[in-house]
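Across the two complexes that follow, subunit A remains constant while its partner is subunit B and subsequently subunit C.
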Partner chain A sequence: MAAKKSTLKVILLGDGGVGKSSLMNRYVTNKFDAHLFHTIGVEFLNKELTVDGCKVTLQIWDTAGQERFRSLRTPFYRGSDCCLLTFSVDDNQSFLNLNNWKKEFIYYADIKEPEKFPFVVLGNKVDVTERQVSLEDARQWCQENGDYPYYETSAKDATNVAVAFEEAVHRVLAMDDKTDYLIPTDTVKLHRKPRSANICCS
Partner chain B sequence: MAADSVLKVIFELDGVFIHPGADEGGTDQDLLLSGSLRILEKDAEVLVEYRPLEDSVDPSNMLCAGQDSSSVVEWAQSPRDKSQSHQLLETQQSYETEWDMVNAVSFRKKPCANGEGSLSHSQGRSRWAFSVSVSDLRSITVKDEGWTFLILHLKEPSAPLPALHFHQGGSREFLDSLRRFSLLTESPGDQTCLLVSTPNKVLSQSFENLLDDNNFGLVHRFQRDPYVATLGGLSKVTNYIFDALRGAEEQQQRPPEEVADLLGEVIPGLEINQQEEPGFEVITRIDLGARPQVSRTEPLTADDWSKHLDAEGRLQGVEELRNKIFKGGLCHAVRKEAWKFLLGYFPWSSMSEERKSLQRAKTDEYFRMKLQWKSVSEEQERRNSRLRDYRSLIEKDVNRTDRTNRFYEGLNNPSLTLLHDILMTYCMYDFDLGYVQGMSDLLSPILFVMENEVDAFWCFVAFMDQMHQNFEEQMQGMKTQLLQLSTLLRLLDLAFWNYLESQESGYLYFCFRWLLIRFKRELNFQDVLRLWEVMWTGLPCQNFHLLVCCAILDSEKQKIMEENYGFNEILKHINELSMKLDIEEILQKAEGIFLQIRSCKDLPHSVSTILGFTDCHGSAPTKPGSAAALRPTRQDVCSNGLCRENRPPNSCRAEFTS
Partner chain C sequence: MAGLMSLDTRRCNYFFLYDGSKVRGEGDPTREGICYFYPEETPLDKQDLLCGQLAGVARCVSELSSSPVRTLKLRRCKFAVRMMADFFWALGCSMDVPTVSVCELLDHLIDLFCFYNGSVRQSYQLNSKESLAAQWAQYLSHMQSGPSELCYIFRCLRTIDSTNVDPLLLLKAALILQACQRCPLVLVGCILFRGRVVSTQMSPQLTMKVMVHESEIYTKTQKSNEASTSSSLGGAVSSTAVFLTTSELQYLQSAPVNKDLGSQSTPHKDDPPKKTRLSRTLSDTPSTESETSCPASLQPPQKLRFSPHVSESDDSLFSPASSQSADSPNPSPQPLRRLLSNGRNSNQTEEEVHEEESYRAGFQNKEDEDRQMDSQGDGSVFEETPCVNGGAGDGDAARGTAFDYRGADSGNEHSRDDRKAAGDSGVCCRKAKGHRAGTRHPPPLTFDSLEESPLIPMTLYMHRVNGLVLALLVEPRLTSDSASMEEVYHSSLASLNGLEAHLRAAPPGAPGASGQYVFAHYDSIQSTLKTNVSGRSGGATDHPFVRATSLLHSHFCDTETLQEAIIRNVSAAMYGTRSVAQETYFQQQGSLSRNWGIPSQQDSAFSLPSKARHRLLKHGVNLL
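Moving on, here comes the complex of A and B:
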């Protein structure tokens, strides 16, 4: 029997300019393009992974952050397995807005049990010297909001990027272990064979 | 279902005025009556109702509002006086650096000419109230005199209804709401006249009930057209079989379907009334003839251009010139001059002296607006979150726009400062809209060509006049265009459209970026310049850019269908076409499609409307050279076919006042 394929949908949310597109590109192509355009509309990239010997396709969705585009962005939240809440450590406002992003996601993705949904928080641009958000503040926010894993990343010099995305994958697979967290798209589980232990391989 | 015999307010707008004096042909133009306009649904009937305000307002105290301070006109004045009051205001403004001018609607007291206020008791008022069923409407006249007013005409002859004056805006919203229950089409002979036709009432009724049920997925499909929904359903079945044959390793997942349903909610589906008859598709499928081969020509040279200029610098043979530009584009050297005409910054009929004085006036105006944001102190900005947000977004986006282009590359490139300053000034020019992502993409090629801050600004303003609706709060322009494109695609290639529909992609969301910024991200920079100048000729028809979309889709459909792409794959595939497209090939194909549609005898009305074919169809295929005859008049119709209300009076298409 051929190896079972499974697709995980991960979505990057956060203020415009915090580096969502750069993080996605760094992770998928391992490049940092300082001339990247700002995102218009909705894009996604796939990355093939092997987790515990199993093949997983990570589908990473990236959107434009401006309020005006909300109605055309939020439909794509549906069916997400994990949400990467992103801010930039040199922009305090983007940190303060994490809460709004989380709320928007839970509402539009129609998450039934938000407490159980896997969020991962990324503080990007750690290579920049003038920080506006301290490590402690970020950690505290994560702890108070549901004990989310927190990573300080740099898309520019690749710090922690792969680690953060892989954490997202692990979170999702771990959720499957605990079974039935009810995101509305239960059929997607059909071909993502529940347990991470037996997801794979022949 | 609960909607039966319950009165439902579909639309409501206060501050709609009637001018009883003027309507009666009387000389007393000062009388005006404020009231509320509603669209009601009552016992399966849709009514338009107007009621003057009951509690009487002394007409001598009536206030009238302009959209922004620069358009404040005491509208009781005759139109001839307007220019004067503008001038007056402009001098005033130069002493004001108050920048948040659009936000604050300015009010002026109307001079009291008739102290009696003869309509101040409600008896007098109620005789102006009316209520008519939408199905009794024959047409609506839409006129603009600095504000919009509408006149409703009934099918049955009767006493005329009073004109409704939208001094505080809202006419477009009203018409949009009306479109939910009726088809409004421009009358062939008269652009100011919208013909009203109502679809089967029972159908629209049950469709409303569905909406009440919140059953969106179903509504979405039903809303489009029950007929197509069935067809789409059928092709879905076919695809299932197809899947089964392929070995169903790529079964449809639910998430894309849900995403699609939600999108369908945001982009309301093709409405029933967009099609006159259910047989529409069958007819068009039969009748669309072969697509003619089209050739393109060399770009217009500086020599060619100067041959069209007379001694006074007036352009001769404008139609021919425009045709040449449509067929071949412009050599780069001509662009700086020609774009100003194409965009409408310079009138085609102007002499060079007139253009010089126009530029002088526009330079003053630009710097006055620039000074407005330049002179905002840090303290002030701290208290103005909208300005702050605009600025921060502009700063971020300027750094992410065309940075590989020589003109914008490197740190501290002065062109970046220009991009920034022009966008900030545009916020002052149109503070309601402000800055929306995508606008930097529209400005960048213009600044690149103009190499001049002031000219680039006014050309950008002119381009934004066409693109404005794309960026507005409700993104109505985007929704309209996606629907129009869907209508065209169904005519051109029903099989492909059905395939897309079966993959939950029938509303063509994946064309979002194409439409929002006119292919700016899809083509390399030089090709964007070519495409835009071709589009700005307004040839060969209205909404030509939608045919450009069709041309690209036509080239991709084989791949999409053969690979059996689903919702996600289609989106990805289209996104990844970026920078791989050949502009000349696309333009050839798009013009070919135009000729093909043009020669179709039984063109559905919806398609003619989208493309602005106002004469009767069935004429012989138009020769490319004579395409000019079809051009809609430019100043009335934006390139998306929609008229913009309340165009700022100092729009660069204004006449010379010098």
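Moving on, here comes the complex of A and C:
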């Protein structure tokens, strides 16, 4: 199969301060900055990947977690290929809020079949010693909500960060492959284009 | 649009730069001295005539009156004139354009040239006339590219329509700029979107200069006369050499709050460990404090005295021009005062005493520099303020810079001379007041000292994300320091991407023209103009408004006590009002058919002020 080029939009959602920006920065630039300011609205970085011979541009969208930035971030949910629901293992409330984040995403991204949409759950800040959310609780939540993959990450010491993002890519590609089986592989894929067009106009 | 263009070009009729040093003897042809002439297609004979005559008249009058000539009026054209050493500039505009504005435009042109090319003399020694002609042409065309005719009257920054943009995004832009400053080699920056300012840390004047380059690379991306660093960071990043005046640099180096303490922070040696540090965080405090010895630095409250008295000034006659335009050539280290000096400081004398004091302080610093190196860390109140205010130790970077260019330059003698020159011109400011008739404009010595005042090379770093541009003034060595370059690049990339996405998604502003009235509101401190004159919808309907504005603006400039005015003819009436920093013009559209002759009690013109107050509120203009 010829290398196809496409852009995958992955969006990081979760409470303010759980480390979404840090995860993105760690993954793309391999840097960690303890003094990041709140993200305002949305930000994004691109990363080129080659997965199974396919060149993929991973576009990671980082969002503002605070409630007051809601109106700024929600217009950018549309067109996401994968959603990374993020909480901090040292903050139980951020874990409890995962449900709300999921709902908000499904609503604003206008997801038609939420049960099929690839979510990945990240429990960040595992480097912190005082945990409030146990591994079991997190796994259980993922299990009950649609069997989402769960990763415990630390942007600070780079634990599992790359693995988590790569999982997201695999999930998306796996979804695409399923649809690919239905159509002959050498046909032009039309459905990606309009989606990115949506992003521009929204 | 074509109609508008022709209108515009008519407004700026001539511009030339004449180098008197090329024409010394009787037999020397005038054209030898013509460095640049606009319009370029003007027949050479005519060029000769105009250059020769204007230069001759100007020289003659200035020698007779022993004061420099600033304007020459012919019947259908008025010329702003600048003389500096052997150079002679003239900008001719139609009579519609207020005299102050013509002078401002000319100053702005010269400033632009110096910003991008350095000293005029040197540029003409190093480059061909042709290549520099292209520069002048570019600045002229930029100057004439304003959205409406009003841009000839007011030098203004084009800003994004903040009513359409979530204020949080403006905050985001400001934070991006601050994040960049964590790299000590970054002085200041601004963020532009589609040729409009989103956020800037620079003075309006400096921002305007930076924008010229931005719009140039935006329109002609292929043209690459300047060293563009297409490094690992991709083609989105470019840099070009620029030149700052000492006063601009001092302004940049001073802390955000106490901007006018600049003169104290200039000569200072940076300690090596500082220099090697790549980043600062908000929590960092500068570990080296010094310069507590200077007396002037102990009185910040007095130094921040740009306040209310600005308005009743006899300088205000001159100043809308001088204050806005003279930014670069004037080496006086009082940028703040200049910036805000839409008028005189009534405590002028005190000010001057101060000025001199701070020069002296500067001297001392210079001389005591070495000694101070040893006495670092005595924690002056001042040096700490920048950090408290989130300035992230600006002082630091500033001092680093100062050392750098001083070091690179000819050294101490040089800077000392500057300061003397600056001091002298301060003295002349006072004298110059006597010459009001001849000189409507900034103190004569500003331009004479232009050549002497050293221009400090800096680098303009630009990072483009589609329509969004991050422009930073950085120390030249940043571009060779790949680690710092990457730091700056990566610290801002994600946010720039995001900001661009947000701004692109913002709905376009509702068409302003409501048809019932026209207004223009100019803020001379921020150099911003709010108006519903679009310029595009066949400027003809707005032309009377522009003319009336031009007329009233001239009156406001000439008559310091004038605060409100209504002018009227048979078909239209306009209300104008001004305060310390703002001018507002309002014209009600529609018929005033019965208003002619001596105004009666019922004359509808008298209701204009209240209408203006009422209508303009929704544009964010408060005239109450």
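Descriptive notes on the structure:
Following the convention adopted for this analysis, the second predicted complex is superposed on the first by the 177 of 202 C-alpha atoms of A that agree within 3 Å, B and C clash if a C-alpha of one lies under 4 Å from a C-alpha of the other, contacts with A are read in each partner's own complex, and residues count from 1 in each chain.
Going forward, a residue touches a chain if its C-beta (ideal position, glycine included) is under 8 Å from a C-beta of that chain, and two chains touch if they have at least 3 such contacts.
Model, not experiment: these values are computed from the prediction.
With the C-alpha superposition on subunit A as described, subunit C and subunit B clash in the combined arrangement. Set against each other, subunit B and subunit C touch different numbers of residues in subunit A, with B touching more.
By the document's definition of touching, of the two partners only subunit B reaches A:G79; subunit C does not. Residue contacts after overlaying the shared chain place A:M24 against subunit C, while subunit B stays out of touching range. Touch criterion not met for A:T129: it reaches neither subunit B nor subunit C. Touch criterion met: A:K9 reaches subunit B, while subunit C stays clear of it. In the superposition on chain A, A:F69 makes contact with both subunit B and subunit C.
Annotation: subunit A residues 34-35, 37, 40-44, 69, 71-72, 75-76 touch subunit B in one complex and subunit C in the other. Within the complex, the subunit C residues that touch subunit A are 166, 168-169, 171-172, 175, 179, 281-283, 490-491, 493-495, 497-499, 501-502, 504-505. In the complex of the two chains, the subunit A residues touching subunit C come out as 21, 24-25, 29, 31, 33-35, 37, 39-45, 62, 69, 71-72, 75-76, 200, 202.
The touching residues of subunit A, counted against subunit B in their complex, run 5, 7, 9, 16-17, 34-38, 40-44, 59, 64, 66, 68-69, 71-72, 74-76, 78-79, 108, 184-188, 191.
On the subunit B side of its complex with subunit A, the touching residues are 249, 251, 253-256, 258-260, 262-263, 265-267, 393, 396-397, 400-404, 409, 436-438, 440-441, 471, 473, 475, 478, 509, 512-513, 516-517, 521, 568, 571-572, 575.
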